[in-house]
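Chains: A, B, C, D and E, in written order; residue numbering restarts at 1 for each.
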Amino acid sequence: AQTVEDIKSAGTVKIGMLVDFPPFGIMNENNQPDGYDADVAKLLAKEWGVEAQIVPVTGPNRIPYLQSNQVDLLVASLGITEERAKSVDFSEPYAGISIGVFGAEDVEVTKPEDLSGKTIGVARASTQDTAVTKIAPQDATIQRFDDDASAVQALLSGQVELIGVSNVVAAQIEEAAPGRFNQKLELSQQVQGIAVRKGSDELLEAVNAFLEKVKADGQLSAIHEKWLGTPLPNFVAEGK
Amino acid sequence: MIRPFGWNEFLIIVMAAQWTIALSAIAFAGGGIGGLLIALARVSEVRPLRLAALGFIRVFQGTPLLMQLFLVFFGMNIFGLAINPWIAATMALTLHASAFLGEIWRGCIEAVPSGQREAATALGLKYYNRMRYIVLPQAARIAVAPTVGFLVQLVKGTSLAAIIGFTELTRQGQIINNATFSPFMVFGTVAAIYFILCWPLSLLARRMELKFSRATQR
Amino acid sequence: MYEFNFAPVFASFDQLLLGAWLTIRLSCAAMLLGLIVSIICAWGKTAGPSLIRFVINAYIEIIRNTPFLVQIFFIFFGLPSLGLRLSPNSAALLALVVNFGAYGTEIIRAGIESIQKGQVEAGIALGLSKLQIFRYIIMKPALRTVYPSLTSQFIYLMLTSSVVSVISADDLAAAGNDLQSATFASFEVYIVITLMYLALSIGFSAVFAAIEKMAFKYPLSR
Amino acid sequence: MADTHAHTSKADVRGASGPAVTMEGVNKWYAEFHALKDINLSVDRGERIVICGPSGSGKSTLIRCINQLEMIQKGRIVVDDHDLTAGGKNVDIVRQETGMVFQSFNLFPHMTVLENCTLAPMKVRGISKAEAEATAMQFLERVRIPEQAEKYPAQLSGGQQQRVAIARALCMNPKIMLFDEPTSALDPEMVKEVLDTMIDLANEGMTMLCVTHEMGFARQVADRVIFMDRGEIVEVGAPEDFFNNPQHERTRNFLGQIS
Amino acid sequence: MADTHAHTSKADVRGASGPAVTMEGVNKWYAEFHALKDINLSVDRGERIVICGPSGSGKSTLIRCINQLEMIQKGRIVVDDHDLTAGGKNVDIVRQETGMVFQSFNLFPHMTVLENCTLAPMKVRGISKAEAEATAMQFLERVRIPEQAEKYPAQLSGGQQQRVAIARALCMNPKIMLFDEPTSALDPEMVKEVLDTMIDLANEGMTMLCVTHEMGFARQVADRVIFMDRGEIVEVGAPEDFFNNPQHERTRNFLGQIS
């Protein structure tokens, strides 16, 4: 298992991060990785006194990236779930989103049973995929796309009636098509953790120590404020 | 948070074409060498060599390039062989292109009339000289068109290298799309750039084909 | 060191088989329809009026020089704005047919052009019409000459169909991706579906060889 | 020549009157190349014409104009009273009434011998399959290969293939037969069997135009021999005169070379 | 026969002693098909042999065994004192010392006439380019087409191509020349120019084995004529005997067919 000492002696920490998941991970105007995750990653590297090497990953391949030693850590908006915890070890939460089902104003859905017979789009292998799959009745059709943008596109073009996304993406739909869609169901509040390879306990401890520190001194909250417009929510700050 | 699709985004996508071009160039160089070896093995008189080449072709033509890339890159790493994405891409694309080019070129070599080989043999030329001066130059003329045609497929196929972390044209398009939510602008641009890269090649392939068929008609 | 654990993959193997079944059906349907499109376009391209030739050429060039991913994207997300809403599976089928048609046309055209002029002349001299000559004299030998390229393009189509998972069609690749997102056993899943694709392409090759034996049983030379 | 036809063709009863083929001032260019220069020729019904001449002299072009495999740019061609140059349906009619045999056989490789022979009668004349097959078998017997009916062309020798090609043409009941070097792609031993078939046909009174270098055949059956060179008809004559006493220098040269 | 060679070949000075070609009990199968049956043949130095026989009788196979374009399964072949069946470098040596001319010319289409002629001398014998070209021009003059040296094969007539093929073989200074129906793919007018070249070569004392149906050629130059049928040598004889008084039924049939 890898330790912080290994990383410090290497001088760089390789961090996997999504770049197609605004506002957590984006490519900015200069085509550099940016967003909440990027700032957290840089902060972590600064804390350890090493250079951050950010490796863009995608939703489906982020865990293979970690498992096959391509990156040391994932700061990749990875929601903490039981299944994933079998493959990777999670730190304390560093961010959180709430996930909901969204759809056109005139679609009547107030409880999970109402999803019956509907088509719901989600991003494959995402937290919302898991959450929607769990609550949807048998005769609902779940269409899994490669990323949130495709799922949103499916909603906008009418290919699906509903999608499962985070509040953050929902805010963007509102920007793109004001007033046409609203939230139907709140599914869960999902906290996201920094992931390390299984068994890297010492490294995980160091990550947790870092998170505790930046939560305490308000640095993390400041980043949250910068990217999401609000301070770090309590359900994140207080832990799992 | 959403930013509009503007000139800057357009440029970012255009710039990503350099990776597409670089990957294509690598694939083609690797595939060129590998393909020649495979083609020669396929027409060899040594049976085990022929069978090995056939097996190679079956496997690499019979599985999706996406899976090949994934298994080469992540697979090598979990077996403790740390390889960087460039090496992985080079390997996977070379294997893929070798299989296809090997098969294309085998056909071209076999299309050279057997009398040519016999005449060369009767003159006392040995294997290397027969191939080097008689068979391959004639096969090469037939091969240009289908080869360039395959290059077009390869250029498009490099988009799959996104899975091992290359932000080439298609992947860059997806990223920009996630930041701008203007899929038609983004993918229209992506399609147009592919078209600009590939169309001249297609035209070239067709010109070659025409030229060749005219040359043989006489 | 990573420890392989194929148990979860085999626990959900029926899911993969279901995906493979759709891949087979999708590929077969696309091959058949694509072949018909190709034959019609090839005939139009070799014998049609110049306007039709132009249209067919434009179709071929556009399709052959842009990635399948982008094509399927436009069909799935773009066609609804023209009022045509297709399910993911039918959009996938349409995209595969449109894509194959462009390649198949060129292959079959080459086959048609490989037919010796004397064959056509013999048909003319016997008083057969243009369409009769195409149907009875040209088509079968032309298909036979290009049968190898045609079948390898078919296999390529089958492999290309792995891309349709992006529009949430539920083919083998999609089943693999879903399984991977449920189990996170990426390598195991990828290894298994790669082998399944290999089995499919070997299976298809065997079927094609059998069809060749049946359909083209006439001898070529003594 | 023999006017009593054992042949079942209805060529003589269809009530036509003029010559079988008339060419008047025929000129043909391939782009710049002047392939036929002012050809004038009239072929009577039942007449047998042999055309010879050096390679590239326009022999093939000449007979291919008769069934419009090649278009002419100037002049007039009338076949069996149908003016080809007038266009319209005449071309189709003429193609049905002329049979053509090529140097390279041009049998359809994916059809059996019998299918080769029945395709056109069924599709063009609309004859029933049974009737077409009966006719085909009759002609296959005429060319002495009825036992090969179910084989594919590639399973036959060159000579047999060429005889199938002749039978195939005869199945359309043509009034005129055109032959373009029918024996020059054959092995020497097979030449004879094809020539014998053609001699039979000639003896039955079929109108024939035949490009060939087989001078023995010409002597035996031709009513007239035509010598072409560089797109022109240089000399026309009855076989005895033509071979024993050629009028032109070029003819003499040519005959010297090929014998 | 003429033993005073105008020919520059060193065939006669290289101090070889046995016959040029010896075949003893040669048998060859293509899979199941028995293509050559117990062939025994000895060809003297300077001898001219013509081989004829029906299509498929094994003529090509026979001469292709001499330079090992085909392998034999049983028997022994010795060419110019090199035992081919012993393997080793003998095959390479024999290929260098036999020249072969094919029915379909098989010139290399991507090389000029001169390049066709110089390739093997340079690559096999390691002769310098200048020397190879000088020799090539000498042989191109022998076959009377030095002016075509810079052209590509496709720009030549069939007869010219075949003469280039002969020159190309001669450039390797072979002791034995093998011809496989060298004139049968030619237009009738071109046959003569190729035969004339071969007659020249024969008169210079070259050892020749020639498959051909040109019986005029056989009468004029052959020391012996061999008739093959179904993989066997049926009859061997001097031309006068062979043509005027064939011993075997099959020979008589064959001669009847091709003349």
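Throughout what follows, a contact is a pair of C-beta atoms (placed from the backbone, for glycine too) under 8 Å apart; a residue touches a chain by one contact, two chains touch by 3 or more.
Given the structure is predicted, the values throughout are model-derived calculations rather than measurements.
Both chain B and chain C are touched by A.
The chain with its C-alpha centre at the largest distance from the centre of chain C is E. Chain centres here are Cα means. That of chain A falls 83 Å from that of chain D.
The distance from the centre of chain B to the centre of chain E, each centre being the mean of the chain's C-alpha atoms, comes to 46 Å. Chain B has its Cα centroid 36 Å from the Cα centroid of chain A.
A straight line joining the Cα centres of chain A and chain E is 81 Å long.
Within chain E, not a single residue touches two or more of the remaining chains.
For chain C, residues touching at least two other chains, in rising order: 2, 77-78, 186-187.
Annotation for chain A: residues 61, 64, 67-68, 146, 153 touch two or more other chains.
Taken pair by pair, the chains that touch are A-B, A-C, B-C, B-E, C-D, D-E.
Across the interface of their complex, chain B is touched by residues 19-23, 26-27, 29, 31, 55-58, 61, 64-65, 67-70, 146-149, 152-153, 168, 171-172, 175-176 of chain A. Against chain C, the residues of chain B that register as touching in their complex are 58-59, 61-68, 70-71, 74-75, 78-80, 103, 107, 152, 156, 159, 170, 183-184, 187, 190-191, 194-195, 198-199, 202, 213. Taken together, the chain C residues at the contact with chain D in this complex read 116, 118-119, 121-122, 124-128, 132, 136-137, 140-141, 144, 216, 218-222. The touching residues of chain E, counted against chain D in their complex, run 54-55, 187-189, 192, 213, 254, 257-258. Looking at the complex, you find that chain C touches chain A at residues 2, 76-78, 80-81, 85, 88, 165-168, 174, 177-178, 180-187.
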